[in-house]
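Two complexes follow with chain A in common, the first pairing it with chain B and the second with chain C.
Our next item is the complex of A and B:
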């Protein structure tokens, strides 16, 4: 895998298809896998890909990188890059997606991440070159519907209590925002202070406000890379709420995030046939 | 003064249809419950979900949103975008355990003053039945 990845990257450089490449490397001292940006073909020998490559590099794409930029993408990362192109952050030709066959990652070094257990997208749908054997990738062990079934089964009061407890440790450090490949607002709504929409003190009402607005902003955009939850120092399961809304968006608008490249975000479209029943009962004339 | 619980409701009304409809209800001397505090917005499409969350957090017991009938939007299609946003917003409220019935959405034209009065009265009764407890309200906010 590493060898073919390195050869592919070198070839992209020599063919002039990329000016820089975002990938993973092992830190020489700590042996931890870190993100790296290379701009010379000889540096390609530092690149690696294995099950320790947990980060979503789509977050690191910025327009001041030497473009076109190659990016090593797992399935979920590729969806995020695709989404960023769809949203107009980048032109398609500015990005060269180096899709790697990903059998899932292990953030703790032992067990498969929860996000990977339900992964249906082991290879990025956005792929200019593909590296690795894509024929023998694992099947999902569980589905998203199973993941959110326990919340679905609760009564409204139980749900409320569940989220209150889940959000309680939140310290409003916004690591979930910083790590999210699609949190791209120039000024985040929680940082706006005229008016101050969301208080930044950690207390039940502002925890709920932050996580609700966060989930809403990700409705139909979240690619289920699960980075928010991985980055959270307090273990807040905020990604669960994203999954709940993803289910709704798929059901309401028949939109699967990041898959239909070029397909617009459903909130930027409408269909004259959109039923009034969405708003709670038939329209009365 | 009766002891009956009077819910506080925030209404986001579109300037072009619903707000004029509310005006018509007033000039027609129709009785409209005073529970509704109206916020005039340029279009139902202007309503950020944040407005609704904030209203609930600040202690509103219900939120009414009203825009032009489909096809009548002053900005051509703002109300149709609003519908998509509000559809997901209702689902989100449901997911976090807040009754989506606290949000009322209706299409209302400038000529429907009478219907405005009825819609508001019905919604106020509905929220009254849901009760005082809006779980999202910030602590210390009197309701």
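Our next item is the complex of A and C:
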């Protein structure tokens, strides 16, 4: 895998298809896998891909990188890049997606991440080149519906109590925002102070407000990379909320985020036929 | 070799309760008030002990909203006497640095001062974790220099030694057990590749080095490292209102956030992510040791390494930076 990844990246440089590449490298001292940006073909020899490449590099895509930028993407990462192109963050030709065959990652170095156990997207649907053997990737061990079943089974009151408790340890560090490839607002709602939408300190009201807004902003956009939850230093299970909303959006709008370019896109599309049961309209129930 | 004093858990707890309230890390690793001495994990808790001295959210004053001049009620410093049990040497050493910020004679923080004066620091020697590096800073897991009492756990209790005159006075109130000879202080762990602390001046001399931008890509400036850092002390002021009552708060802030240095007019001297990462490294390893000889901005607790969502390693970064600076200096020479 590493050898063919490195050769592919060198070729992209020599053919003039990329000016930089975002990828993973093993830190020579700490041995941890960290993000790296290379701008010369000879540096491709530092690139790696294996099950320690847990982070979603799409969070590091910015327009001030030397473009076109190549980016090493797992399945979920590729969906996020695709979404950012759909949303107009980048022109299609500014991005070269280097899709790697991903059998799932292991953040703890041992067990397959929970997010990977339900993965149906081992190879990025956005792929300019593909690296690795895509023929023998694992089948999902469980479904999203199973993951959120316990939330769906709760009464509204139980659900409210569950989330209040779940958000309690939140310290408003916003690591979940920084790590999210689709948190791309120019100024985050929580950084605005005129008006102040969300109070800056951790307490039940502001915790709820932050996590509600975060989740709503990701409805129909979240690609289930699960980075928010992995990044949280206090283990807040906020990604469950994203999954619940993803299920609703798929059901109501027949839209699966990032899988194909364009298409019906609930967040930016106005349609008089939109389901509006929440307004008490004719689609109620 | 000085002697230590053998203490049973029960007699220590009784003496601490006699003294006042008791704080310790809870199961989630947050500092909270407790009734009894808890069992501690092997290493430092998730949150640094600074939370008790300069908490993430603290009221400064409150007033009622309405017409006419507001009657401002300043918050009173908490003078509750008591003790903090389970302080690790890395966290205690960090308080020495916070003292420089909050007890400087020209501008004393009365809340911090009250806590420092009223709370006895009861250290407990730890078993360092894989990312603990106190050895880099010349002390070890049973260092007593920054606590009032250092305890080394043993079956049924502890061996205690005083770290300060205040700790000595406290130990005199505990029913004495047998005196036991103290083992030599344990050396602290350091990375196997570590060769020594960087030269603060050489680091600053490379302020404009392109490597900061290369490192910048591996960091997303989430600031988790600063929020769990025992020495980070930056704060901001904010108001919150609830049902017509307004609270003025001092709340935690951090240099990794993009708005940390943003001016009212929109200018931002640390516009790009790499400049904020550089600020963190230079503050800890260059500015603080330059301005406060003998002190460093880091105590090697390793929480930033443990908790970094992107698996960055502060020491590995600092080491790589210094290696490059040295190599380039050699090439020039």
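Convention: the second predicted complex is superposed on the first by the 275 of 285 C-alpha atoms of A that agree within 3 Å, B and C clash if a C-alpha of one lies under 4 Å from a C-alpha of the other, contacts with A are read in each partner's own complex, and residues count from 1 in each chain.
Here is the rule we go by: a residue touches a chain if its C-beta (ideal position, glycine included) is under 8 Å from a C-beta of that chain, and two chains touch if they have at least 3 such contacts.
Since the structure is predicted, the reported quantities are computational estimates derived from the model, not experimental observations.
Enquirer: Mind working out whether A:112 is in touch with chain B, chain C, both or neither, as first, second, both or neither?
Expert: Once the two structures are laid over each other on A, A:112 reaches no partner at all.
Enquirer: Check the residue A:171 against both partner chains and state whether it touches chain B (first), chain C (second), both, or neither.
Expert: In the superposed model, A:171 contacts chain C only, not chain B.
Enquirer: Quick check on the superposed pair: does A:137 touch chain B, chain C, both, or neither? Answer first, second, both or neither.
Expert: Touch partners of A:137: none, neither chain B nor chain C.
Enquirer: So, does A:67 touch the first partner chain B, the second partner chain C, both, or neither?
Expert: Neither chain B nor chain C is touched by A:67.
Enquirer: Between chain B and chain C, whom does A:241 touch in the aligned arrangement: first, second, both, or neither?
Expert: Touch partner of A:241: chain B, not chain C.
Enquirer: Would you check which partner chain A:183 touches, where first means chain B only, second means chain C only, and both and neither mean what they say?
Expert: neither
Enquirer: By the touch definition at the top of the document, which applies to A:270: first (chain B), second (chain C), both, or neither?
Expert: A:270 contacts chain B only, not chain C.
Enquirer: Looking at chain A, which of its residues have contacts with both chain B and chain C?
Expert: 203
Enquirer: Give the list of chain A residues in touch with chain B in this complex.
Expert: 151, 154, 156-163, 189, 197, 203-205, 208-209, 212-213, 215-216, 219-220, 241, 244-245, 248-249, 252-253, 266-270, 272, 274, 276, 278-280, 283
Enquirer: Quick one: which bits of chain B touch chain A in the complex? Just the residue numbers, please.
Expert: 49-50, 53-54, 57, 70, 77, 80-81, 83-92, 94-101, 103-107, 135-139
Enquirer: Which chain C residues qualify as touching chain A in the complex?
Expert: Listed in rising order, the residues of chain C that touch chain A are 28, 46, 56-57, 191, 193, 214, 217-218, 220-224, 227-228, 236, 238, 240, 249, 251, 257-259, 305, 307, 309-313, 315-316, 319-320.
Enquirer: Any idea which chain A residues touch chain C in the complex?
Expert: Touching chain C: residues 22, 27-30, 32-37, 54-55, 59-60, 169, 171, 173-175, 177-179, 191, 199-203, 227, 230-231, 233-234 of chain A.
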